[in-house]
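You will see two complexes here that share subunit A, one where it goes with subunit B and one where it goes with subunit C.
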Partner chain A sequence: MKQIEVKVCLGTSCYVMGSSYLQELVDIVPSKFGDKVSVIGHNCLGQCTANWEHSEAPYVDIDGEIISNATIEKVLEHIERKL
Partner chain B sequence: MNRQTIYLKKEILIRIIRAFFSNDFNANLRLIPFAMRPKGADVPYRCCIYKERAILRDRIIAGLGFSIENDDEAKDLGDYLQQALEREIPEENPLTVAEIACKGCLPNRIYVTNLCQGCVARPCQSTCKFGAISFVNGKSVIDGEKCKNCKMCISACPYNAIAQIIVPCENACPVNAIHKNSDGYAQIDYEKCISCGKCIMNCPFGAVHEKSQLIDVLKNFNKKVIALIAPSIVGQFPGSIYQLKSAMLKAGFSDVYEVAQGADITTQNEALEFTQRLEEGEAFMTTSCCAGYFSFVEKHLPEIKPFVSHTKTPLYYISQKVKAEHPDALTVFISPCAAKKNEAMANRNVDYVLNYEELGALFIAKNIEILDCEDSCYDVESSRQGRNFGVSGGVASAIASICAAEIKPCIINGLNKDGIKQLQKMVKEGRCENGNLVEIMCCEGGCVGGCAVICDAKVSKKALAQLSENCQNLDSDTKSITI
Partner chain C sequence: MFIDIDFAQQKKHNQNAYGDYFSSKRVPGRLIAVLSDGLGSGIKANILSCMTATMLLKFIEAGANIQKACEVVMNSLPVCKIRKISYSTFSALDCHDDGTVQIVEEGNPQFVWVRNNKEILNPQAQTITSNTFSNRHMQFYNIKLKKNDRLIFCSDGVTQSGLGSPNLRLGLRREGLIEFILKKLEGKPDISSRELSKLIVDFACRTEVDKKAKDDISAVAIYCRNPRKSIVFTGPPYHTDKDNQYAELFKNFNGKKAICGGTTANVISRELNIPVNTRISLTSGSLPQPMEMKGIDLVTEGILTLTRTSEYLEAPETVANNDAAGQLVKFFLDSDCIDFMVGAKINQAHYDPSLPVEIEIRKNIIKKISKLLEEKFIKKVTVQYI
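Let's look at the complex of A and B:
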C-alpha cells in the first residue's frame, strides 16, 4: 500500500491561524501509524488566497484531499479512515 | 486550549486591518459583524445572531484600542475610529473585559447535581452551618442566599453529588484582580491587575481582550517606524528571523532590531551588579525583565524592592540605542504579551506595542508570505544568550555564563499563588533557601508562553534550539555598556 502523504500548510496565513500547533503531528503520526504515513510541513498550499472572506485556515493536504479548519484530531481521524 | 476564541479574535484583527487599507475604512469597519454573521447565517456560539454581532462589535472596540467597559453600546464604530486616528498615545490599562461575552456566574457557586441519591443520613444538611440546605421531593437543595461557599457539603456527600462551579478567570489570576461582580459578570480591578494576561488565556468565552495599538501603528506607517522584536519571537512565524525581517519591511516597517541585542547589555550589567551585591553581603537578587513581575512588585510586594535588580530591561537598552541613532523614528515593540504595554507607557523611547497575533494579522491582511521572502540581515548579530532570554531559565543562565561569582539560580517558572508565597517567604526571611539569583517569569515556560503567542512553547523552543546552534557566544570580556 502506497505511503499516505500528509502536508501541513506552513504558509503565513495557516501558521498564524493555527497550523503551528499542527506541527505536533510530526511526532504523533509516526508513533501511531509508523511508516504507513509521512508528515511534512509545506509551503503555502494556496488555499487561503482563493477566497479570504471565507478562509478556513489552517489547511492540511492528505494525499490530495484538502482538510479545512484542520485540527490534530481531524487529521488523525481522516488518516484512520484512509487506512 | 481555547482555540476557537483565539481564532475569532485574530479574525477580527485581520478584518480591521483590511478595512484600514480599503478605500472606505469607516463603512467596512461597521460592516465587520455583518460580514462575519450575515443574515440567515448559522449562529455557532450564542443565543442569537444579534448577540453574536454585539459581541463582535465589542471585540472590534478592543481591536481599535478602547476599553469595552466604557462603551455605552450606542456609540458608532466610526466615532471610535476617528478617536483612534486622532489620539497621540494609546489608552492605559492593557486589558478590558467584554461583559456581554462573559457567560456570567451566580454568586452561589455550589450546586447539587443529579447524582444526589436523596439518602437518609443527609450529611450535607448536618455539616451546613448556615442552614442553607433543605429537601424538595427528597433531593437536597441549596439556598443561594444563605450559602457561604464554604464547601463543607461537597466533602460531606458520600456520592460526590455536590459540585463547585469553576470560574476559570478567577482561578487563573495570581493576584485576585478579576472577580465576578454583583451581577455575576467578570470585572477587572485595575489597582491589582498586573496585565499578565492569564485571564485572557483561560476564559473559554474569550471575554477578556487586549486593547490593540494596531491603529496607532498603521496610521504612522507613512513615517519612519522601527520594530523591536522580542527574543521569544523565534519560531512564532514560519521561516527564519532573517526572512521575518524582510516580511516586516514589506508590511510597512522601516527597519527591524532584535531586542536580544539589548538583552546582551542587560546580561553584562546584571552580572556586574550581581557580583557587587554578593560582595556587599546581600543574600539574593531577583532578576527579571518580566513586565508582569515588575507590576507585581509595585502593586503587591514592594517590600521585595531592595532585592530587585536595578539593571534595566533589554527593551530599555535597545530602545534607547535606536532612538539615539534615529531620533525622528517611532519605535514599536513586538511583544509576546500584554504586560510589556505598561513598561512601554512608562518609557518614552518605546512608542507602541504590537503583539505576535497582531503582527500575524498584519501579514495575513497584506498577503505577505514569509517563506517567499529573502533574508535580511540585522546590523548586530545577537548572542545565543540574548536570544534565549524569552525562555524560563534563559536570563539566569545568560548571567551565569559570564559571571565569575558563584551563582545558584532559583527559577520561578510562571507566577502563580505558590510562586507568590515563595517570594513572600524570601522577603520575610531575608534570604532565598533555594539559591541567590532568583529569576521570575510570569508566564509558564517564559515569554514563549505569553498570552499573545501564536505557537506552542514546544514548537518555538525547538526553533530556538536550531537557531542557537549557529549563534555566537556572548563575549564575557566585554566591560559593561552603560549608556
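Let's look at the complex of A and C:
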C-alpha cells in the first residue's frame, strides 16, 4: 500500500498560527500508524496567499487534501479516515 | 581587494568593564579604525579609551588628515595626576581601497605587518613629538598593502601577558606575539581576521600567570584578500513576470547563496527547477528548521527567522547556533560583501489582524539587519528591492 504523506506547512503565517505545535505529529504518527504514514515539514503550501482574506492557517496537506485550521486531533482523524 | 578587519578583547580579571576600546567604520573608499587603551582598568579606563577612540574616529571620518587629527588628540590628552602620564594611548589607521594605509601609534605596541603569511615587514616610521608635552611621541607610517598582507594591532595587555612568570620574565613581548602569529598562519593560511584576533587574545590569556588577565587584552587583525561574497534572496519579486529573470541572476551569482522565505523558496524552486527538501524534524528551537535546496547554502523561513536574526546581531552573545537564525548569522559573519535581493511583493496573509504583531514588514527588517551588518560587523552591504 502506498504510504500516506502528511505535509505540515511551516510558512510564516502557519507557523505563528499554530503549526509549531503540529511538530508533535512527527512522534505521534509513527507510534500510532507505523510506516503507513510519513510526516514532513513544508516550506509553504501557498494556502495563505490564495485565501488571505479568510485565513484558516495552519494548513496541512494529506495526500493532496488540504486541512485548514489544522490541529493534531483533526490531522489524526483525517489520516484514520484515509486508512 | 577586500580589507577584512575584526577584533577581540578580554577585560582585566575581576573588572566588569573593558579598559580598551576599538572602533572602526567603512566609508566609501576607506576604512578607518582606532584602538585605544585607557589608563588603568575598569570603568575609568573604559570611559577614557572610549572617548579617545570615538573622537579620533569622528575626526578622521570628517575628513581631517589622520596625522593632524592624531596630533591634536595627542596634544590635548590630559595627564593623570597620580601617574603623570597621559590618559590613554591609541593606534589609528586610515586604509584606502587601493591599499595605501596611514597609521599613527601613540603609546601602543608597534603593529605587526605580515606578508604572504611568513615575512615580517618593518616599515620606516616618522616620529612626531607633541608640542605641548615633550614626553609624548607618536609614530607615523605610510605603507602600501598588497593582497594577502595582514596587520595586527594590540594593546600592551597582549605583549605584556605572562609578565613575571618564570619563563617569560618580561612577558610575551612583540617577538612572542610574532612567533605565535606566524605559527597560526602556517597552520591555517586563510584564517579570517575574526578568528586570528580571537586566537591572539585567547593565547595572551593563557600566557598569563594563573591564566587570569592582568590587564585589558585586545587584538585587531586586518587581512587583505579577495572578498567572500554572498547573496540573500528574500521575498517574491513584485512583478511575477520577472521571477525568472531574478532567479537566473541569483543562480549566476558568484558566491554563497541563501534564501529566506517559504514562498521565495517556492519561486526559485519553480524557476530553476530545484526541488525543496524539508528535513524530518519540523522545528529547531522556536523557529522552523532550514530546508535544503541543491546548490543553495541556506534556505530558511522568512520573517520570523529574519526578525530573530536581527535580534541575534544586536546581541551576539545570545545566538543559538542550532536554529535557522543562528545559521543565518554564521552565514553573514563568514561573508565580507552581502547583497540582499528583497522582493517587494507582500503576503497579504501577514497583515491579518489576528496574527501576532511581531510579524514585521520585510523591508524594515532588512533595513535593520543591513545597518547592523554595516555598522557593527563592518560588512559591505547592498540592498536591492525587486
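As a convention for this text, the second predicted complex is superposed on the first by the 83 of 83 C-alpha atoms of A that agree within 3 Å, B and C clash if a C-alpha of one lies under 4 Å from a C-alpha of the other, contacts with A are read in each partner's own complex, and residues count from 1 in each chain.
Just so we're on the same page, a contact is a pair of C-beta atoms (placed from the backbone, for glycine too) under 8 Å apart; a residue touches a chain by one contact, two chains touch by 3 or more.
All figures in this text were calculated on a predicted structure; none of them were measured in a lab.
Within the superposed three-chain model, A:28 lies out of touch with both subunit B and subunit C [touch as defined at top]. Among subunit B and subunit C, the chain that touches a larger number of residues in subunit A is C.
Look at A:46: by the touch rule set out above, it reaches subunit C but stays clear of subunit B.
Applying the stated contact rule after C-alpha superposition, one finds that A:18 touches subunit B and leaves subunit C untouched.
Judged by the touch definition given at the top, the superposed model places A:8 against subunit C, while subunit B stays out of reach.
Contacts of A:71 after superposition on the shared chain: subunit B is touched, whereas subunit C is not.
Within subunit A, the residues touched by subunit B in the first complex and by subunit C in the second are 10-13, 15-17, 20, 23, 43-44, 48-49, 53. Of all the residues in subunit A, the ones that touch subunit C in their complex are 8-13, 15-17, 19-20, 22-23, 26, 39-44, 46, 48-49, 52-53, 55, 57.
Contact residues of subunit C toward subunit A in the complex are 261-263, 265-266, 276, 278-283, 286, 288-289, 291, 299, 301-304, 347-350, 352, 354-356, 358-359. The touching residues of subunit A, counted against subunit B in their complex, run 10-13, 15-18, 20-21, 23-24, 43-44, 48-49, 53, 71.
Touching subunit A in their complex are the following residues of subunit B: 1, 3, 6-7, 10, 35, 236-238, 247, 357, 360-361, 363-364, 367-372, 454-456, 458-459.
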